[in-house]
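Below: one structure, written as structure tokens.
Letters A, B, C and D mark the chains as written, and numbering starts fresh at 1 in each.
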Amino acid sequence: MLEKLTKARNLSKANNAIKRLISERGESNALSMADDVVNNYRKLAKDQYVSFFTYLFEKLHPQADAVLKAAQDFVADSSARNYIQLQKVVESPRQEFFRRLNRASQGTAAVVEMRRDLLQLLDKKPELAAVDFDLRHVLSSWFNPGFLKMHRVDWKSPAEVLEKLIKHEAVHAIDGWDDLRRRLQPDRRCFAFFHPQLPSEPLIFVEVALLPEIPTVITPLVDKKAEVVDQVSQFKVAVFYSISNCEPGLRGVSMGNFLIKRVAEQLHAEFPGIKTFVTLSPIPGFMDWVAAGGNLGAGVPADRLKPALKLARDTALAVLKLESQSWTERLAGGWHPDLASEKEKEALLTLASIYLGLASTGRDGNPVAKFHLGNGAKLHLINWAGDLSRKGLRQSAGLMVNYLYDLGSVEDNHERFANGEIVYSRAVGRLMAS
Amino acid sequence: MLEKLTKARNLSKANNAIKRLISERGESNALSMADDVVNNYRKLAKDQYVSFFTYLFEKLHPQADAVLKAAQDFVADSSARNYIQLQKVVESPRQEFFRRLNRASQGTAAVVEMRRDLLQLLDKKPELAAVDFDLRHVLSSWFNPGFLKMHRVDWKSPAEVLEKLIKHEAVHAIDGWDDLRRRLQPDRRCFAFFHPQLPSEPLIFVEVALLPEIPTVITPLVDKKAEVVDQVSQFKVAVFYSISNCEPGLRGVSMGNFLIKRVAEQLHAEFPGIKTFVTLSPIPGFMDWVAAGGNLGAGVPADRLKPALKLARDTALAVLKLESQSWTERLAGGWHPDLASEKEKEALLTLASIYLGLASTGRDGNPVAKFHLGNGAKLHLINWAGDLSRKGLRQSAGLMVNYLYDLGSVEDNHERFANGEIVYSRAVGRLMAS
Amino acid sequence: MLEKLTKARNLSKANNAIKRLISERGESNALSMADDVVNNYRKLAKDQYVSFFTYLFEKLHPQADAVLKAAQDFVADSSARNYIQLQKVVESPRQEFFRRLNRASQGTAAVVEMRRDLLQLLDKKPELAAVDFDLRHVLSSWFNPGFLKMHRVDWKSPAEVLEKLIKHEAVHAIDGWDDLRRRLQPDRRCFAFFHPQLPSEPLIFVEVALLPEIPTVITPLVDKKAEVVDQVSQFKVAVFYSISNCEPGLRGVSMGNFLIKRVAEQLHAEFPGIKTFVTLSPIPGFMDWVAAGGNLGAGVPADRLKPALKLARDTALAVLKLESQSWTERLAGGWHPDLASEKEKEALLTLASIYLGLASTGRDGNPVAKFHLGNGAKLHLINWAGDLSRKGLRQSAGLMVNYLYDLGSVEDNHERFANGEIVYSRAVGRLMAS
Amino acid sequence: MLEKLTKARNLSKANNAIKRLISERGESNALSMADDVVNNYRKLAKDQYVSFFTYLFEKLHPQADAVLKAAQDFVADSSARNYIQLQKVVESPRQEFFRRLNRASQGTAAVVEMRRDLLQLLDKKPELAAVDFDLRHVLSSWFNPGFLKMHRVDWKSPAEVLEKLIKHEAVHAIDGWDDLRRRLQPDRRCFAFFHPQLPSEPLIFVEVALLPEIPTVITPLVDKKAEVVDQVSQFKVAVFYSISNCEPGLRGVSMGNFLIKRVAEQLHAEFPGIKTFVTLSPIPGFMDWVAAGGNLGAGVPADRLKPALKLARDTALAVLKLESQSWTERLAGGWHPDLASEKEKEALLTLASIYLGLASTGRDGNPVAKFHLGNGAKLHLINWAGDLSRKGLRQSAGLMVNYLYDLGSVEDNHERFANGEIVYSRAVGRLMAS
């Protein structure tokens, strides 16, 4: 009962703090009012976040009639004067609110935190997408790649930074401090983006292996007992074997793309002998797609369904006969790449090439392929038996992919991808055609 | 002739670089395209800037019909979906262009530089105000006070920072390195805002004198031979005697207000004995206003012209008799505060109090008064014979002002000022009434 | 065979490198010759160190006859001229050799490393003590406390520094990174000395707990699950619960003494509420001394063996009856402080007070007591059941000691200790008298 | 009178502070006693320094009889034990005193300062050379080149560092901040040694010009209006045109030698195109030596006075006829290199080659030549009309010298110089022979 009262009072305090900060008084305040909002927000219970953000949605929305008036004037005369008036009435006061909030002593962190909380509400409260739009808009401006600092993370880095790598590595989990140390040895690199305002928070990081050649199998790269190679002359290829975001509140703020390219440039400058930049990536969703009959993609326009591809897919599916035994059953029965028939292997590789080739189509494309191909990488190689872990077998029958970053072609490739085209090597082309 | 061709080619290159950067290819480019725009811009002749910015104005403007459609939908239903659509079509592509430009290696500096150039064109090309609006919008977001670092500038600071103080000090010119050194001694302080991206550029700086009491005269504060006081126990008052912007490209981006308050907080923490924060400020424009008959301000609504004030003004003007001899002539004739009659002194002080009291009114208010009173300071004291320099006598008959920053009242004062009210001390009140 | 040849060649190369570095050519060399010595030394096998250091001993020794001549001149006339000549011929060329060695790129580290290796040879080759004397002499000069930087070590410190704490903690072993993190929380502190030349090497570190009162039991201080107290107002006592050297090559170079005092000063400045600085220390060797009959110390002059002390000791020993059952047997039989009789407890405490009171006597004193009392601390309290670990019961029947650092008395106490006097509290005095 | 008493009291306080610091109590003191010595020393009047240092000389001298005893033991048996005993009694307690003094908060600076003061007393009080010996001994150990950090000094450096360059430049005076800035532009470099303990004190600095070829004339190098060359490809030669000590208290502590070599190595790494490292140096004392008859050097052993050299000298002197008109008179009469006859020019160049060739001989050698040749440089070229300033004409008839640092030969050259040999180019050899 008492608790209920306290909660209600907290919410009302938070709303009042919002009101004050966005008022005239808030315009020139140094930071106390911004601090108030942050402190009051932090006292809210989780189930009060909806009310907090709904308040922002309802009370700080643009005035519809003023918007219409300004739009009509702008249509009549697109002059600077009308343009400016239009901008002023259309921008929601929420954006100014978030900018003022940023003046608080931990302001930037608080805004990021709020978005993290908000994102978890969107499923249930889709109208809060308006607030999310504003948050993402200011965050994209503040976390502009021009403001991010790329730093190498190594064994000299602060423990508080390193523990965040352990926590956030999403692709190949880091098994404690010894595993981490191995990944920071001279033949491994780790780079992260930092924002000047959050110096102990890696925002996104990429792990790199320096190798004599393009790898086809993941195990040696993440083996914490692997011998360290420290002869620089042996480094010919830089392999991005993992890239992870640390900050859910920055979802949708483009960073990975820029990080990979900046790392490639830096490694290129440090090791003139390294000329190849490539990933070794998983194919999440592949076997689910196969199991579902290898649908060529919702929203794929009719004219892209080339008959040849359809035929190749159907032939391959017929080889696998998943309708007689599901993939899970087959794995349970001991299926393993080493035991697969040549036909089965061929069928799986062909299907993977078709699946990845759909990356540029709407909702159904593989997200990893989308990310790298969208960045301007090329689909270079599909590797048989690249990941023999349980997870690897289940999601992609053990297949892994190399995406190739050729710095001279990434912009061109990116544009072709944006126009619906996939850039792939001859080897992959042959698979598609088989 | 050849030069003309080169110039034309440069402009066309610059425009193409804009086009590429804002295109799909530019979306994910790391920095080369942004670098291209910067480099091409720097090759333009000054008289080509108009063409460059006009290109931005014309080609990267929102689509009027799409704006109208979105506005109509929003009026019909202010849902999140319609809100987001509205924002997307209303935001001009220029803003995205500047955000991409920021990825260039010297991107932030280049954007600031472009605005500096643009501001000089606005008089002749008022329609470019639309471009300026966008520039100021992104710069305000990037130079949010939450991102600025306040650093003390002293004799340990890099020479390249210090020379910028010498160059940009706008109120009391710094006469070389020896003068500067005096202003950085233990009884003087200098603080500046820096942006993480521009670490050797002070953006705005304030000079402070630590004194035993509120000063009424400027000379001892800026005397480079003044003896240094290093007994902390003698510091009771912090005097902001000069505040200068270093970066014309950031005009209109609020910083001074936050700087003064942050400095006050820091000095308060460092010297618990300092309880008074005050300025010693000039009154530019005062004698011009007097000479023009002490008009009470264009745009001052009728009901604010209190008869008592009018009477006081007219009485004072009658004492001065400037219609019989202009201010310039009188100064040339040797006028000096020490020689003024008591009546003259009274008249000038009264007029100054009236003039400063008009600060909150529209266009005509005194800019220094507007700045400090708008920040929430109080009009504390008007000092006779505070600045006996030629400039001081000419612009304000030697008068200077103390504005008082009482940290506990600044937000309240700011709000009252925004509502058209001036907060002043009793002493100033008596002058107005006299 | 081949290996033998290689080894011999390596030794000869190392000796030649010594010769060159100490020659005229070596005087002005920048660093290549010094690098040569370091590199050649590192190629030696462990069993060749004796030869290396013996070479230094024999070839770089002062000339005896020149020494005598200079000494005779100095006795005849202690003039500056004779003084200087004396110094020149007496100083062994080894010292200049080590100073030149320090110019190598990793010179300081190499010299420290050499001493670490040398110390392990002294038992078998006592004449190498001459080389050790020179090494310690130059290292004491270089690692003068005036050159050491005290830094707080916390979770922001580089992992490479932190892992050295885990490795070198000698008193209460750190059980991995989670344990370490607990010891770096706000209610714990860790400070270390660093040398500018070895920035990632903590030389010696002390761990501190901030508590509301003087602790008598060690367990809660080193419990990695202990709740963190972060209310500064609760901190009244700073407890040095562990101090460890990281660098064996610096044995005998005074640092701990200065570290503890500097930490106390810094904590005093940071937390004015902390007025008590105290240790919670083990008593290694205590039960061995009891078992051996509580001998009052080889080399204790007769007049210090006060009859009262002897009597107290004998009475206490009689209570314990260790001649009938050894301490080990008793522990094996389940002896535990909680089960001890009041008499037994009294006897052990009395014996401990006598044992610790012997700290200032020659070879036999307890080293921990010697260290703290020699630093000027006071013997403050002996705690029953302070350390119930197996090791604690075995070495000191679970007793622990608080040594008190009263910053105002440490110099006085140090001098009294140097004159053979122990400074203790009344409580300890009563134990001695009981 | 009162002042006299105060002075006496100050001296007595200083002496007592010495006594306490060197006593047992001082052994483990953290820093208060050391601070006491520093503070009391700083209160002394200049004329009391003699008393202060005499106290150190008399009271902290080794015991002569103990020295003799230890020396006799050492002659009888040079064992480690006797060696250590010898070292202990021979080392003067002053050295330990200075080491303890170094623990004071500004200890290192204070010790350097004391030596600066002491050096000015040596002429009048030669027995204080013993104290100076000890000071130099500890300072040489502390300022070992292995501990010095070489930093580039540029326009980003703190003003407090830069003003020290202006103050201490001893060869080509820096005419204010604008002149300094020119010397820090991309085609000029400045490097200095710093000690970690004195981070804002450049100890010694060298100024470098990056040029396309070896310069023969100084003017363009130190012209503050000279155009800046920023094309790296044009840099072929690094010219050390000035080297200056900033710290008189470190006289005799070798640094310049190491600085020049480290700078050469760093420039070599940064600019692979720079292969030549050379000075452009003055010849102070040359015309004085000529005027005095070109004596071949006090202490030059007879067999080095080669008859050919004597003849060359006498012939050249005869050409100049300085006995008929002194050098000063001749300059006053308008003498200028451009007006000199070919014979005169030849005579002066020959005499300069002979004069510089005497650098390796005892007291009379040219100090600049001694420094560079002693460092292992080669006498490369003597330039006619290299320095037309008044000072240049007066001291060396306008001649300047290039000394060449060939990194591969410096150690060899150094050794030859130590053996009395000068390494010179063929061009210089021809001059000697002419």
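General observations
As a convention for this text, a contact is a pair of C-beta atoms (placed from the backbone, for glycine too) under 8 Å apart; a residue touches a chain by one contact, two chains touch by 3 or more.
All values reported here derive from a predicted model rather than from experimental measurement.
Think of each touching pair as a link: the shortest run of links from chain B to chain C has 2 of them.
Comparing the centres of all chains, each the average of its CA atoms, the largest separation from chain A belongs to D. Centroids of chain A and chain C (each the mean of its C-alpha atoms) stand 52 Å apart. If you average the Cα atoms of chain C and of chain D, the two centres end up 41 Å apart.
Centre-to-centre separation between chain A and chain D, using Cα means, comes to 61 Å. Under the contact definition stated at the top, not a single residue of chain D touches 2 or more other chains.
Inter-chain contacts occur between A-B, A-C, B-D, C-D. Residue ranges on chain D touching chain C, taken from their complex, read 23-25, 27-30, 32-33, 57, 61-62, 64-65, 67-68, 70-72, 74-75, 78-81, 83-84, 86-87, 90, 92, 99, 102-104, 107-108, 126-130, 133, 137-138, 140-142, 144-147, 196-197, 254, 257-258, 261-262, 265, 374-376, 410-412, 414-415, 418-419. Chain B contributes residues 155-160, 162, 176-177, 181, 200 to its touches with chain D in the complex.
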